[in-house]
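Each of the two complexes below includes chain A, the first together with chain B, the second together with chain C.
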Partner chain A sequence: MQSSNVINYDYTIAKYFAIATIVFGIIGMSVGVLIAFQMAFPELNNLAGEYGTFGRLRPLHTDAVAFGFTLSGIWATWYYVGQRVLKVSLAESPFLMFMAKLHFWLYIVGVAAVVVSLLMGITTSKEYAEFEWPIDIAIVLVWVIWGIGLFGLIGIRREKTLYISIWYYIAAFLGVAMLYLFNNMEVPTYFVAGMGKWYHSVSMYAGSNDAMVQWWYGHNAVAFVFTVPIIAMIYYFLPKESGQPVFSYKLSLLSFWGLMFVYLWAGGHHLLYSTVPDWVQTMGSLFSIILILPSWGSAINMLLTMKGEWGQIKENPLIKFYVLASTFYMLSTIEGPIQAIKSVNALAHFTDWIPGHVHDGTLGWVGFMIIGALFHMAPRMYKREIYSKKLIEIQFWIQTTGIVFYFTSMWIAGITQGMMWRATDQYGNLAYSFIDTVTVLHPYYTLRAVGGALYLLGVFMWAYNMYKTMTASKAIEFEPQNASPMAA
Partner chain B sequence: MDMETIRELQAYGYAFFTVFLAVILYAYIYHLYKSEKNGRRDYEKYARMALDDEITDSPVEKIEPEYQEKDKEERLNELAK
Partner chain C sequence: MFHWLEKNPFFFAVGVFLVIAYAGIVTVLPDFMESARPLKGTKPYTVLQLAGRHVYIKDSCNACHSQMIRPFKSETDRYGKYSMSGEYAYDRPFLWGSKRTGPDLMRVGNYRTTNWHEIHMYKPSSMVPGSIMPSYKHMFTNTADIETAYAEAYTVKSVFNVPYDEEDMPKLGTWEEAQKTAIAEAQLIVDDMKDPQVKEAFARGEIKEIVAIIAYLNSLQ
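Take a look at the complex of A and B:
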């Protein structure tokens, strides 16, 4: 290792992934807004033949925002935060730099294959695990390459202690590796039985077992893609931007181990009142409620980090993003356990309350954290101040309004829907037919789509602000210690 | 095994795990505070790691083989006294 006084952190790969985050964010959320409008106005399904239908586009939306926007955001921040808290530069190891570049480009190839195959209707039909086996193999390869980079950088670090964010990045790596491998065990039908095309497959599990493995995966994809690495981000970016040390490091450790242990058992709540064993359902329900403890542990730790410094929320729009992200994390981690209670689930399951809950977490927590993180990184990566503070402020309020529209409309729609489905007359006959619910829900679907459109507008503002920061903003001489510099 | 026995075993299992996991949780919290109180660990010194993250900032705990060896020698000497 060379002497540290001539070395600088190398943000090449962080910049690549930052751009990918913005591009995939725009694609994934644009598709999301389109399909939200399709729910309200079904004729929009006919815009582009088979390629524009809800059935084709819905997996594209979920996979593009989860595995495009979010994963790119996670990796952009990993290649930034990892170096800084381990006090080692990627430039110090040509091998790790090569692996990082390979990681990025192979990932882009994988994403392109996903987009094309989903648009063509090639899918395994397993939610959030729609990719056929050749793409699965490519994804595993990408993951292994990231793992080599992750542990490689840890291996050459100067700082002996692994900061809490690093623990969370490691957990994201290990968690997804385990989940992805087990849920995507599949049999290529062409090679085994001469059925279908060469890329077709069926799950290695059958019936209820398949459902259990799928939702063990499905819920923990939320854990290890939408939660764990996002906590890694907030533990770095909120203290760094505000200049405040973490309120309680002990609480961060307790919450970490709590989250790791509890999350893996909660997936059964997706299968309440189905054909899986009763004890699996009870366990899923129970562990979901216990999950409040470690989730709120992290969120409260972050809010308390701002103790005595709440004035910053007025002055610094990035702090607004982080604090609201933490608050939305608290909201969605109280809402989820409530929905997992069996009696509540009897009403909520299969209704629009569920996507409402998901979007509290993804738009409010995941989206705001990634947007805020990339804004913080921009002046350090491009050596320029952020182009416009005012634009960030406007973006923040437009997106917050969008989220409120989204979840309030879906709360009302979901509960209305649930109540109408179960309503009976005095003889026990169902009081409403399915079309009655559709008619009643139409205004809420429209409001949801408008909410999504507002959030997307904010994403475009973010993209513009980032682009101008990269290209036209005022250069800065010194790297800022804490609060990010931004032009009015 | 009849259904009633299965239910009974489940209930015992439920009670056992509730107590066992609660004990683990509180034992870990006790361990964190105890380690700090008897001076074995100072967890809160890691709380500034995001703030002091320049490559030129001193690591909280440095990795440097020579330094570690020296540190070990010093500790051995102290113990010998």
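Take a look at the complex of A and C:
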């Protein structure tokens, strides 16, 4: 057996994706902050003609953070973690190296095409699947190339047993492939009619069926982009950074297979009281509650990994990020099921409580995990210590404050809105006109935008710290075993 | 078994795939045919309405407006009759939305007029003080894409058997015929509008986006 420090891992691609993560994070979250301010101050819609309205920018925000920032982060960690837990270097296979480079560059082309087309208003309107068929084909190609790289590396591995993180990367690959293909079934109209825009297409499904397929996709895109690969990260980075073994193998087994089975049923909770069959709605509601088990299973497994070592939270800011990420994962996976209860959903659906919930997960869990993961990777990839520990500490608190502003304001806004929509006077007439329920939200929209801006500020601090680590930090001779070295 | 799977990536992947694919098959397939059936009286969109629907999608109106009236008194009082599955049979894609920053639009054609939309789209706060909706002035200058709308109608007719040209259903016909129908339909909207530039453009044979989207919004009943 070769030991791990003999293998010379090649981080070229991980570094590419790490930079992409930072760049797309800044772009996607800046757009997010802008549209948040637009809801408080609508004049901000007029900054760039038709290209600057909320309608054009909202899909750009969601797609840039989901498929720009998060996917890049997932792949940065894959090209780092994959080699290490499989005990094989990417440099050992010129073919896999080539595929990895192709993966990166084709992906960048795809993202550029997405940005341009969304600004132009070229969209299918389906959330997180807005892209027209030419881009869909490019995305499928990127995915297949990643799949070849993923299974190729597994094929030449030295460590025969797949570590937990690898289970989750495999699941992310398969899940997104299946969901994306079926939700984007569309007929390009130009090829049938011979006229009109060449890139236009029409959905294969209509009405209620289209809605059902879309939310089967939409909900599970959350599963296989925002949950599964992020769990892959925490199972690697938390034990590695803390030097603690994973608390329970059995719990990780139960959580993994439980999550795989249960998650896909829960999509119906996006369509409660709509016109999809009643039993689909009930199933969605029911399975959302069951979903608490495997979700909390992973989170508890991670928190218990720190058992007896809680002192590290004080010493090591990266542990702070991981532990708070697990905590936000627990919060959003209890909040989601609560919102999926039919009577709660009747109030919460269509309100700001929903984006509030999404951001608990994305800012607190996904964002913190990716930021913490890339910080851990930096000293190992660039052979330098992290530039500033103090900056990480400040970043952590600024971002945490930002998240608290975000979800508290959106909880209040959502419940206020929901209550006002249904409020009646003593004669049973609606008590408020719709616009009353909009203007009342102004302070909460402002507070939310400020929260988002704080989080974005933290992202800039992260970018600066990473940049300084790459270029100006003190070199290290040996790769650190556990806690990442950082200058005060 | 799990230890064995963890050493055999191929079977591991097959196992994961089976476990995740199962739910989709069981939830989506059983009622597929029934959910696709139109309500009696539901008609496909005319070419002009479809062009307007494309404008609606282009500017992501669905990011802030739903088209799904839930069966609660508070919703039927505000928006009209609750939605039924068959009413959406010709909606490709569906536009239910997931957020109501603005009100539901499922039946907006019942209570808003061409004139109201014209003023509102140009400057929403002039019609609804306090509104946070952006103004959509560019719809008054951009030209609607009737050709792509026709291509889509033609596609759904030939691929999905959408009943254009049948008795009591909208006429599609050839591209030349469809153009004439669209212009005749647009004429009715333009007559109710005030904007001189939109009228001038229409006299030159151009249908602006605002005309198409109003045709679409008026059709939502």
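Heads up, the rule we're going with is that the second predicted complex is superposed on the first by the 478 of 488 C-alpha atoms of A that agree within 3 Å, B and C clash if a C-alpha of one lies under 4 Å from a C-alpha of the other, contacts with A are read in each partner's own complex, and residues count from 1 in each chain.
In the analysis below, contacts are C-beta pairs under 8 Å (C-beta built on N, C-alpha and C of every residue); 3 or more make two chains touch, one makes a residue touch a chain.
Remember, predicted model here, so these are calculated numbers, not experimental data.
Asks: Touch check for A:351: first (chain B), second (chain C), both, or neither?
Replies: So A:351 only meets chain C here.
Asks: Which partner does A:167 reach: the first (chain B), the second (chain C), both, or neither?
Replies: second
Asks: Per the contact definition in the header, classify A:390: touching chain B only (first), chain C only (second), both, or neither.
Replies: Neither partner.
Asks: First (chain B), second (chain C), both or neither: which does A:253 touch?
Replies: both
Asks: Between chain B (first) and chain C (second), which, if any, makes contact with A:9: first, second, both or neither?
Replies: Only chain B; A:9 stays clear of chain C.
Asks: Of the two partner chains, chain B (first) and chain C (second), which one does A:474 touch, if any: first, second, both, or neither?
Replies: After superposition on chain A, A:474 lies in contact with neither partner.
Asks: Hey, is it chain B or chain C that touches more of chain A?
Replies: C
Asks: Just chain B (first), just chain C (second), both, or neither: which does A:195 touch?
Replies: Touch status of A:195: second partner only.
Asks: Enumerate the residues of chain A that count as touching chain B in its complex and touching chain C in the other.
Replies: Chain A residues touching both partners: 160-161, 253, 257.
Asks: Quick check on the complex: what are the chain A residues that touch chain B?
Replies: Result: residues 4-5, 7-9, 84-85, 87-89, 157-161, 163-165, 235-237, 239-240, 243, 245-250, 253-254, 257-258, 279, 479, 482 of chain A touch chain B.
Asks: Give the list of chain C residues in touch with chain A in this complex.
Replies: 2-3, 6-7, 9, 12-13, 16-17, 19-24, 27-28, 31-32, 35-36, 57-64, 66, 68, 70-72, 74-75, 77-78, 83-85, 87-103, 125, 128-136, 138, 142, 145, 147-152, 154-156, 158-160, 175
Asks: Spell out the part of chain A that touches chain C in their complex, as residue ranges.
Replies: Of all residues in chain A, those touching chain C are 38-40, 42, 45-46, 49-50, 53-56, 58-59, 121-127, 151, 154-155, 160-162, 167, 170-171, 174-175, 178, 182, 187, 189-190, 192-197, 200, 202-203, 205-214, 216, 253, 257, 260-261, 263-265, 267-268, 270, 273-277, 280, 283, 346, 349-352, 354-355, 421-422, 424, 429-430, 434-435, 438-439.
Asks: Residue numbers of chain B touching chain A in their complex, please.
Replies: 10, 25, 28-29, 32-33, 36, 43-44, 46-51, 53-57, 59-64
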